[in-house]
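What follows is chain A paired twice: with chain B in the first complex and chain C in the second.
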Partner chain A sequence: MIRFRYIVIGLAAVLILGGLVRAAESRFPPPEFENGHEFPQTTTPQTREGVFAYIDSIVLLGTLGLATYLALKKRRRKAILGLTVFSLLYFGFYREGCICPIGAIQNVTMSFFDPLYAVPIVVIIFFLLPLIFTLFFGRTFCSSVCPLGAIQEIVLLKPISVPRWLESGLRLFAYLYLGLAILFAATGSAFLICRYDPFVGFFRLSGNANILVFGACFLIVGMFVGRPYCRFLCPLGVIFRQISRISKKRVTITPDECIKCRLCEESCPYGAIQKPAEQWTKEQYKKSKIRIAFLLILLPVLIFLGGMIGKSVKNTLAQMHPTVRLAERVRMEETGQVEGTTDASDAFRTTGVENVELYEQASNIRQSFGLGGILLGAFLGFIIGMKLILVSVWRERKDYEADRASCFACGRCFEYCPVEHKKRNERKQQ
Partner chain B sequence: MNENNNKNTNNNTMSQWYKTAISTAAVAGIFSFVVIIFLFANFVRSSIVEAKQEQELVNLKAEIVKNPDDTALLEKIRQRDLRYRQNLFSRMDFNHKGAHFLLASVVIMLISFKIAFSLSKKLPAPQHGGDNLKEQIRDAFLSRWSVTAALGILAFGAILFAGRAYVAFYEEQAGEVTFPTDEEIAQNWPRFRGPGGLGINAYTNIPESWNAEKDENILWKSPVPLSGRNSPVVWNDKVFLAGGDPNAFSVFCYDANSGSLLWTGDVTNLFAQSEEEPFEVFEDTGYSAPTVTTDGRRVYAIFVTGIVACFDFDGNKVWEKDLGIPDSMYGYASSLTMFQNMLLIQFDQGDGEDGKSKIIFLDGATSRVIREVQRFVPGSWTTPIVAKIGDGYQYITAADPWVISYNPENGKELWRADCLGTDVAPSPIYGAGLVFGIRPYSELVAIKPDGKGDVTETHIAWSAGGNAPDICSPVCDGEYVYSLTMDGYLSCFRASDGEEIYEQDVGDYFQASPSLVGNKLYLLSDSGVMFIAQAGSEYKELAKCELGEKCFASPAFMDGRIYIRSEQNLFCIEKKN
Partner chain C sequence: MAEKSPDRPDRRQFLAETMRYAALGVFGAIGGITLAKRHRLVKEGLCTEDGPCSGCSQFVKCYRPQVWQIDPYKCTACGNCATHCVLEESAVKCVQVYPICGYCKICFGFFEPNPYEIDEGAENQLCPTGAILREFIEDPYYEYTIDESLCIGCGKCVKGCNTFGNGSFFLQVRHDRCENCNECAIAAACPSDAFVRVPADNPYLLKKAGHS
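Then we have the complex of A and B:
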């Protein structure tokens, strides 16, 4: 029998030490030539240009179409898994995880707030295509196109089920992450999603040690908990959850009438299968109504409090912005709160810009974080309030159903459904 | 029997596959571990051994700086450097290859484990469906607590973050009043046309006769190093004004009692520093048309290139801010205004449709931009006023075609009236409960300032056509409004209904705006003659006082004194006993 703790320890050692070693690669100082050699100009690598960018878009469109066909029409888990491997290899290891629709949220956000930033057309395509497919067909992008989902799908070995109630709480962190990512992109502070992409280091076989360890942790957890990043952190997943609730078509467990055999009950590693439930008693219903009325009153209070709390953290949030960090450093040096200088503060001084101008820019950024903090806090207050209301609402279900929001369209449940097998046999015989 | 045999054979086959998968996973795992050991050893070697080598190299390089002629040392450095680089690239190559081996072995291990788990997976047995109502209720109950716990964690995290120290960019001035009271402002002459920009003096003991040639009632006369058409500003015992030329921009501070130049504050003139042609200015505005302003703590000035500067009363530059060269046809000329701790800059420019014009609210102490309010008006040469109207203050601006009032506390627009036109230079005033604006050469317009939004149709009390001025701003004594054209026509209108009471040719040319001292009008002509006339329904000249020098700036009035800037000098006039 396999001892899981050995696997955990072994992989943890592999990934963490591997990450450390990779991170140890230092940037080497240029040689000191004495023969008048002129160093080439430092250049920033260009983004993938021209036809290749559009090839990526076409591949995205093709994989999305195929994923939708395989999940909704063909209903074949193995084919979906095959496409997952392809997406991992192409969008993950070949394209090194960029561009991805998750990160594109930030580009699109930034284009709304920074008039000087023109979002590339390919980024728009990468942002819109998965959204459109989700709107019409559910989360088929998550099923087998997203490289981040794919790597977690591949490493999943022995899934354990996460209690539904725990998932409700953990999922809030994805909303927080989405809110922060939008706030930081809107203020031009950072592309948070890209900076803390846990898997991009593996795709590129290189990266910051902390991120590699962060990603390794996700992968190790992901061997036993299905897609932890997708379920509890992915900002795009949060958006997709809401869109897929209203999607025109979506994956169903059974191709026909559910016979309630309960074979599929434990098949989903993502807890996306909802069991049938009968109607509540009158007493339960009455209690529920009172509770929902209370929660409805609580909703604006949570929004208001969230806004206030969000405002109170503006100065801390603003420290994500490089200008604010630089201004704080320069100010501390100026007032003797720290000794010595940093490369950044030295470089700033060579520009000849007055300190007061830097402080002014930083103050303005802090102000924008005041408004941003209020909006972020209010958004989280709204989400928490709505979450409390939604979990209190009774939903009658007659059959085993795939949760519209949570279902990744991975197709595992198909293989467990006797109705599905019966249909396949019928098709074979025809 | 055969069936059992087949089953056993299948089980055996499955078992063999399972064992194979597990063995492969184990081998891949061991291989991964070995790779890790090598990589880790490489890492340790590089971080200990190569770090030492690098330090040695640094030390040798430091040594060669001291002994540049030591060829042996130079050769040693070359060899060490080469060896160090070879080691480094070798290590990098090792890491690179190792990472690929590691990836491959981890992938094989994962695939093997997946196969093994698939083979050992047991299919569930069919069961009868049950009622999951209890589970749903329990889930809902626990979910609420789970969400509440997450809320608690988020709130706790936020409180921790909120309590984190941050660096304040500006000195905290808790408890200190950073701006003057209305009473202090009324007792001084802190801006263009005095308190509120109305051209009305709080004192009545102002000299009514003087003559520079005869040194009659001239307390002092001091040269001004740089020219400018801006007016003097006075706060207690200090007189401020600004001047500029192609090479320099400066702020000057004079002792109000002796006339001695206390300090000169130099402001960056980018054109003087550049090798380009000097900045071309319009003669009537020059390099320094806007009048400075003060809050009794600091003095603020703006110049034609859009550079704003702030000095403390000892002449130390507090800050300087470049707003960029305004796109102004006749050169930038709007004077600065203070409201509480804020410096308000009417930065009108462009054609009105390009959105370049704006009101800039700066924190006086720090130059921090508090807000900018965009306005779609073309360049104007007026100076806004701040008037207390009702319970609040209004910041009233004039440009083609709008008179616009803002709340100076938050920058929100209060009302606007479409009543001006062409190149507007006369500033608006407030008096007799009305705001007066001038459409140059055309009409004087009175607006009731209690409206909201576009009040063109509802709040224009009256408009009076005639000989409206193109430069000088009007003045109002509460009963009559007086306007003065450049060619010397003084018009008097009744404030309540706009009826023209009289029009008088004063007989000189004027660019300085008229002022009111008690019930007397003070009109300073371009030739330096102050015409003192009776205010009221009838024009009556009371006196003519000569400085003998050309004057284009409006005078400043203080307790018993007048400060007049001529082309070259600053005069202080006080009645001698």
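Then we have the complex of A and C:
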């Protein structure tokens, strides 16, 4: 509703302003030519968007299907790599990175909160298709369709392994990023994911210098740490992690029975291969039971603490909203705390909207940030609590397995499995 | 492959399956709600094609993608358009709507406030790249045309024309160049909230001639 009022005021302002400008148009009466000169037409070159939207959706469906087939049935790293390159070229360099399923999170969020925003159907398709595929087949979207994943996949040179605790800790950034992106999209402040997309500048071969440097850092780190953006920052990645845990099918390292040769152990650059779990002793069981009980009590405390912290930073968060910034500036100008005006405050004054109205809008936005901040903090508290609980649970695992959540379905491990090679030879001989 | 691992307790599989369909339901709901909302908004008049929905039977049109455009009545020609676009050379350029133009001999969009002389000398021009062509039509009328390959979208001429003239110069996102970013970098930096989303097949917001 806040937003709605804001837009109505804006519209009214446009009408008034429009009226003023229109009045100004008659300052100099347009000429009537005697020599028969005709007014040239103003050119309006059309967008490429209309057609491409539909082509993109079809290409997305096709690549997703193919990626799934290659990772689950065909099981060839080379073929997967080929598709990865194609996606990088098409979605990345040719279509220049927009719209992507990661950013679509924000459009969908905004559609739920901004009463006047409608998501184009292409964006809905780009949002839902990868989620549905992941729900049934694991992260095949990440394997060879996502252009951001693809560019990192290709620069990977000499992967070093990241300790599990560090990996898990760094992943909190991704949850934080997801929470912030949703908060800012819901309040109509900004599209964080798009603004800080590290690779889109490379796809377009131009862009904001800071972001290009940021992206270059990711690529350099990405030469030694597999897919740093995917593992530690991608907001869609953490959603994929959760839903691939319950996927119907998934990538398996060996096509058949695992013979525990351990050859695949080191093959995954993303640390997704889990060793068979050792049976715990009675002692260990007991210990972990106590720990879980303790952590279960801790969970609500963490959620509460998170909420408190979230609430206390609401004003900082609200700074992201242009209206809040504008209101603060205008107030400072009004009370004489600053000299001069900014473009934004000048533009505001030409709309003829009262200062108090602006302040009220801003305080409403701050209020929604208060609630949003609490939710964001509670969400992070919950995630931290759950992480702690999950490491204390013993799960049966007899074979070398790819962790459902972390596996990008890149297919590197297939080539290391002797069972796989035996199968391939058998197939060849037939 | 995965589903036939016999070591897994059945309970877990059952749980996963239930959750899978629950998740599918959630995705379906998200898709359904967003689509329904879009449909409602289009009906209520989001369709800028011909005002409120007239049931034009071009169903597909309601679902067209959107692109960015500048509302010329809101733009204050602040200059950010020239510098904030993700493209090296901004996708925003100045356009001229001829029927609004006064064809003035002394154009406030073309000349410096106090020109040395009323001629096409570069030192007399407002435009930093000399992108405006001035052509004599008949006494006392001159036609002003933007050479888009030179225009950098700085809006200097727009400011001049709007303040003292008819306002026939104004800035527009040129869609042969625009990448259609999900969040337009200029929109994020625009002080006057002038960027709006418009349907991709009707992507310009040209000023209309006040007279005629």
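The rule we apply is simple: the second predicted complex is superposed on the first by the 380 of 430 C-alpha atoms of A that agree within 3 Å, B and C clash if a C-alpha of one lies under 4 Å from a C-alpha of the other, contacts with A are read in each partner's own complex, and residues count from 1 in each chain.
Keep this in mind: contacts are C-beta pairs under 8 Å (C-beta built on N, C-alpha and C of every residue); 3 or more make two chains touch, one makes a residue touch a chain.
Nothing here was measured: the structure is a model prediction, and the numbers come from that model.
A.B. asks: In the overlaid three-chain picture, which partner chain does A:Val221 touch, first (chain B) or second (chain C), both, or neither?
C.D. replies: A:Val221: touches no partner chain.
A.B. asks: Identify the partner contact of A:Asp346: answer first if only chain B is touched, second if only chain C is, both if each is, neither if none is.
C.D. replies: The second partner, chain C, only.
A.B. asks: When the two structures are overlaid on chain A, which partner does A:Leu299 contact: first (chain B), second (chain C), both, or neither?
C.D. replies: In the superposed model, A:Leu299 contacts neither chain B nor chain C.
A.B. asks: Return first, second, both or neither, reflecting whether A:Asn364 touches chain B, chain C, both chains, or no partner chain.
C.D. replies: Once the two structures are laid over each other on A, A:Asn364 reaches chain B alone.
A.B. asks: Based on the superposed arrangement, let me know which partner A:Val119 touches: chain B (first), chain C (second), both, or neither?
C.D. replies: A:Val119 sits against chain C, while chain B stays out of touch.
A.B. asks: Output check: A:Ile99 vs chain B and chain C. Expected answer is one of first, second, both, neither. What do you get?
C.D. replies: A:Ile99 contacts chain C only, not chain B.
A.B. asks: Between chain B (first) and chain C (second), which, if any, makes contact with A:Ser206: first, second, both or neither?
C.D. replies: both
A.B. asks: Mind working out whether A:Val59 is in touch with chain B, chain C, both or neither, as first, second, both or neither?
C.D. replies: Neither: A:Val59 stays clear of chain B and chain C.
A.B. asks: Starting from the residues of chain A touching chain B, keep only those that also touch chain C in the other complex, and list them.
C.D. replies: 10, 13-14, 17-18, 21-22, 24-26, 28, 31, 206
A.B. asks: Across the complex, what residues on chain B touch chain A?
C.D. replies: 22, 29, 32-33, 36, 39-40, 42-43, 46-47, 81, 85, 88, 92, 95-96, 98-100, 102-103, 106, 110, 113-114, 116-117, 123-124, 126-133, 135-137, 139-151, 154-155, 158-159, 161-162, 164, 166-170, 319-321, 366-369
A.B. asks: Which of the residues in chain C end up touching chain A in this complex?
C.D. replies: Touching chain A from chain C are residues 1-3, 7, 16-17, 19-20, 23-24, 27, 30-31, 33-35, 37-38, 41-42, 46, 63-67, 71, 73-74, 76, 78, 80, 86-88, 95-104, 137-138, 141, 143, 145, 162, 164-168, 174-176, 178-183, 185, 188, 191-193, 197, 200-201, 203-204, 206-207, 209-211.
A.B. asks: Taking the touch rule as given, give the residues of chain A at its contact with chain C in the complex, in rising order.
C.D. replies: Touch list, chain A to chain C: 10, 13-14, 17-18, 21-22, 24-31, 33-35, 37, 39-50, 53, 72, 96, 98-100, 103-104, 106-108, 111-112, 116-124, 127-128, 131-132, 135-136, 190-191, 194-195, 200-201, 204, 206-208, 243, 245-250, 252, 255, 322, 342-344, 346-348, 350, 396, 398.
A.B. asks: Which residues, counting only chain A, touch chain B once they are in their complex?
C.D. replies: 2, 7, 10-11, 13-15, 17-18, 20-22, 24-26, 28, 31-32, 154-155, 157-158, 163-166, 168-170, 172-173, 176, 202, 205-206, 260-263, 265-266, 275-280, 284, 302, 309-310, 312-313, 315-317, 319, 327-328, 331-332, 337, 354, 356-357, 359-360, 362-364, 377, 380, 384, 387-388, 391-392, 394-395, 416, 418
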